[in-house]
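Input: structures, listed below.
Each of the two complexes below includes chain A, the first together with chain B, the second together with chain C.
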Partner chain A sequence: MDVQYNINMAHLKQLAPMGVINDREGHSNAEHYVDALRIRTPGLRQRARNLSGGNQQKIVLAKWLCNDVKLLIVDEPTRGIDVGAKYEVYELFNRLSDQGVAIIMISSELPEVLGMSDRILVVHEGTINGELDAKKTNQEEILYLAAGYNKTKKAQ
Partner chain B sequence: MNQSAETKPQNNLLSKLGPSAKKAMLSGTGLILLFVAFCFIVPGGKFFSKDNLINITQQVVTYSIIGFGLTFCLICGGTDLSAGSSLALSGIVIVSLLSWGVPLPIGIIICLIIGILMGILNGFSIEVLGVVPFIATLGTQWVFRGLANVAVDGKPLYTTSIPSQAVQDQFYMLGGGRLSFGLPYSVIIMLVYGAILFFVLAKTRVGRQIYACGSNLEAAKLSGINATRTRMFAYCVSGFSAAICGILVTSRINSAQPMAGQGSEMEAIAASVLGGVSNTGGEGSIGNTIIGALIMGVLRNGLNLSGVNSYWQNVVIGIILVAACALEAYRHKKLT
Partner chain C sequence: MAEELFRMEGISKSFPGVKALQNVSFSVNKGEVHGLVGENGAGKSTLMKVMSGVYRADEGKIFIENQEVKIDSVAKGHQLGVNIIFQELNLAPHLSVADNIFIGRPPKKGPIISDRQMHADAKKILDELGININTHTVVRNLSVAQQQMVEIAKAISYNSKILVLDEPTAALSEKEIAQLFEIIRNLQKKGVGMVYISHRMEELGQICERVTVLRDGQYIGTRNYKDLTMDELVNMIVGRTLEDKYPKYQRTIGDVVFKAENIRRKNIVNVDKLEVRAGEILGIAGLMGSGRSEIVRCIFGADKADSMELTMNGKPIKVRNPRPGHCPWHWLRHRRP
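Entry: the complex of A and B
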């Protein structure tokens, strides 16, 4: 599957109201997101699997952004991609949240969590173990909750 | 920001073409070469005569109609080995129906519906029961072939058993009839059917979803595509194509043979692959299949006319198939 098909894959319903795909709209849509997310590709006809990990990640994001989302849940959005692409993904998230999109980011990288979020919910063994304000907290506090250390103290 | 080297815009024509179009150009070149070669090899200009060219198109009809269905299955990452048996079974169904006095159009519709049902059975055993496509359709291949033999007790069913002579003639026109200048109706049916399927595959939602399922099933599912329904559709198209082909073949030879179409699913797979449909899914188009079918048809016919015996023909075709795929693999390795 090439870049254009991939970007349009999750919103085929809007592109094809009668089951027949509007290719011109699909092309301009793909072009728009390749520009907006700075996806580095030789062309829209390039196969997505030949792109770098970061650019593939951005294609996945583009796929869902087409649908005018109000809420975005991302699971480890920067895993396995290089620093430059990571930075662009962060920038994109900031821009989106400025536009009023709610983002729930699941991540296990503490610097990323501290840098990106407004509120941090720490999960330990499947339940939320505490809520922190990203402006006022640090890595120790997060790990303290993540390891479930507060629970062991109560038990004593 | 720090990866500037990879953004080099290529605006030449080649980069705008998809991979299947590129493959189509390659195999199309092969086809033209073969064609020209046979024009010189075959003695007495017999190859490039009107009658022979029409003959080739008629042979190509079988490969390509079954090939269309298989193209759908191959692109969505499956395969359908039962197509040849479905062909035989639907041929027997249509002749039986007609000999019971069912009118021709209704008989054809029922036969096509049975073709779709055979596709649903394939899809059911693959998607719901979870059998691997290769094994599931291998099983249904025997089931359909067995049913076809049971229905007629292993003997061919001749169209002379149809009570009305008018229906007999009409039925023969479908596969054996010709336009005034000699072009068979079946070729026109093939072209129209091919055009419809081309449109479905290239321009509609379900076509796009078939590509998605074949190229990366996990990603397709995560993009909200109903993979079960999509692949079910592909197997239905395959069953439907086999039924059309069954009707045409039966009509042309005036009898329904329970052993008809044996191995034709393999020839159709070979045709699709020669034309450039990827055997692992996600790539190819109806155009590829038509080119592949033409290659097979030209090869068989040309070898026949050059006086190569049919056993050696199989050897040659087998070698060409493997060589074509090896060449493609080599080209692919060099590119990446």
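Entry: the complex of A and C
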């Protein structure tokens, strides 16, 4: 599917109030997000699979941003995208948070979690093993909790 | 001045979406152990795969003993004497040590495989390296360290001039590491050039003369290990500090927007409470498979939770399907970021 359709996919209802898609509205909407997220594509009619991984990732983000989000859950938002694109994604999250959007971000990259979050929940075996203030913690502490240490201590 | 054995110039390689290597140069001298370091994803493994013919570079030249060569397949790499020992060992566990060393090219007498010859040859190689393993042992019964040594012996049997060791000590004990280093020194004396990839800085000091640092696919520099302090090296590897890698931002955090309580799903997810405030980024960390994704999949409605109470802006909500927003119907009034 092309870039435009991918971006608009999640809110077709709004684009098609009478059951017919308003293509002009969809086009301007898609154009806006391609601009805002700096998605590098030859055109809105380009097929998404022909884009690079990072740009595909941005399209996915655009798709969910179309809606008036209050809560955004992202799982490994920067996997497989290069450093420059990562930075753009981070900036985007910051702008969103500015607008009062709450973001839950899962990440395997500890520096990313530390660098971006306000609070960090550490999960171990399906339960939350600890909550940390991102500004006062470090990688060791997270790993410690991720390995389930706190819990075993309590159990004893 | 040491004699140059292997040189790569201006190597670039990209994969869809990622520039894995950009204009990287690298060289190994005869009898040298050259350390290659960098963060995960810096391009070390890619560079070594280009070197050994697993990948083909988009740009760049490779020279062996000042002759330009094209390594376009692993077989060609073998032929030219470039061998790589991967982190994950590539041995057939049910075959004997000698079988593994000569796999795919057993010594023959006429059309018939000479088992005796093979074991004799294998023993000779192992002895030369100072490895004490019976060639008849089935590989499965060897320790990881011994298996690694068999890998090295196998690589040597191809008449390797250049040997790449990708994190060879990751699974070894102190004593085994000492043994491995002994073998590496033996090889050095024979003039084999080696590339040593490792995350352990102390090891590099013990064994390497020069160190090359890669970062984000770019060549950062080659230094003599002796002239480097640990701080300098770490700086080269990491490059920026954490602060510049993430945009600095002062967030204003509001009230609790979303609350999830008592999320249970079989024995996979077991969370008492999770809250997010407006304008807040809540990070979720944990090891692979710890249930991070499963928790949010429940919240999102992609997995069915056994029990779960969600509150959005103080009002209880229910999710059945992953539908955008779970938010009330609205017309095209985007909050456009």
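Definition applied: the second predicted complex is superposed on the first by the 153 of 156 C-alpha atoms of A that agree within 3 Å, B and C clash if a C-alpha of one lies under 4 Å from a C-alpha of the other, contacts with A are read in each partner's own complex, and residues count from 1 in each chain.
As a convention for this text, a contact is a pair of C-beta atoms (placed from the backbone, for glycine too) under 8 Å apart; a residue touches a chain by one contact, two chains touch by 3 or more.
It should be emphasised that the depicted structure is a prediction, and the values quoted were computed from it without experimental measurement.
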| item | value |
| --- | --- |
| Three-chain arrangement built on chain A, chain B and chain C clash or fit | fit |
| Chain A as apex of chain B and chain C, Cα-centre angle in degrees (nearest 10) | 100 |
| Touched partner set for A:Gly100, first chain B, second chain C, both or neither | second |
| Chain B or chain C, by number of chain A residues touched | C |
| Touched partner set for A:Tyr87, first chain B, second chain C, both or neither | both |
| Touched partner set for A:Asp23, first chain B, second chain C, both or neither | first |
| Which of chain B and chain C A:Ala10 touches, first, second, both or neither | both |
| Which superposed partner A:Asp2 touches (first chain B, second chain C, both, neither) | first |
| Three-chain overlay, closest Cα atoms of chain B and chain C, distance in Å | 5 |
| Contact residues of chain A, present in both the chain B and the chain C interface | 10, 13, 15, 52, 82-83, 87 |
| Chain A partner contacts - residues on chain B that touch it in the complex | 1-3, 6-10, 15-19, 203-206, 208-209, 211-212, 215-216, 219-220, 223-225, 282, 336 |
| Interfacial residue positions of chain A with respect to chain B in the complex | 1-2, 5-6, 8-10, 12-13, 15-16, 19-21, 23, 40, 42-43, 45, 47, 49-50, 52, 63, 82-84, 87-88 |
| Residue ranges of chain C touching chain A (in the complex, touch as defined) | 16-19, 216, 242, 245-247, 249, 251-254, 257-258, 265, 267-272, 274, 276-288, 290-296, 299-300, 312-313, 324-325, 327, 329-337 |
| Residues of chain A that touch chain C when the two form their complex | 10-11, 13-15, 17, 25, 29, 32, 36, 52-56, 64-71, 73, 75, 80-83, 87, 90-108, 110-129, 134, 142, 146-147 |
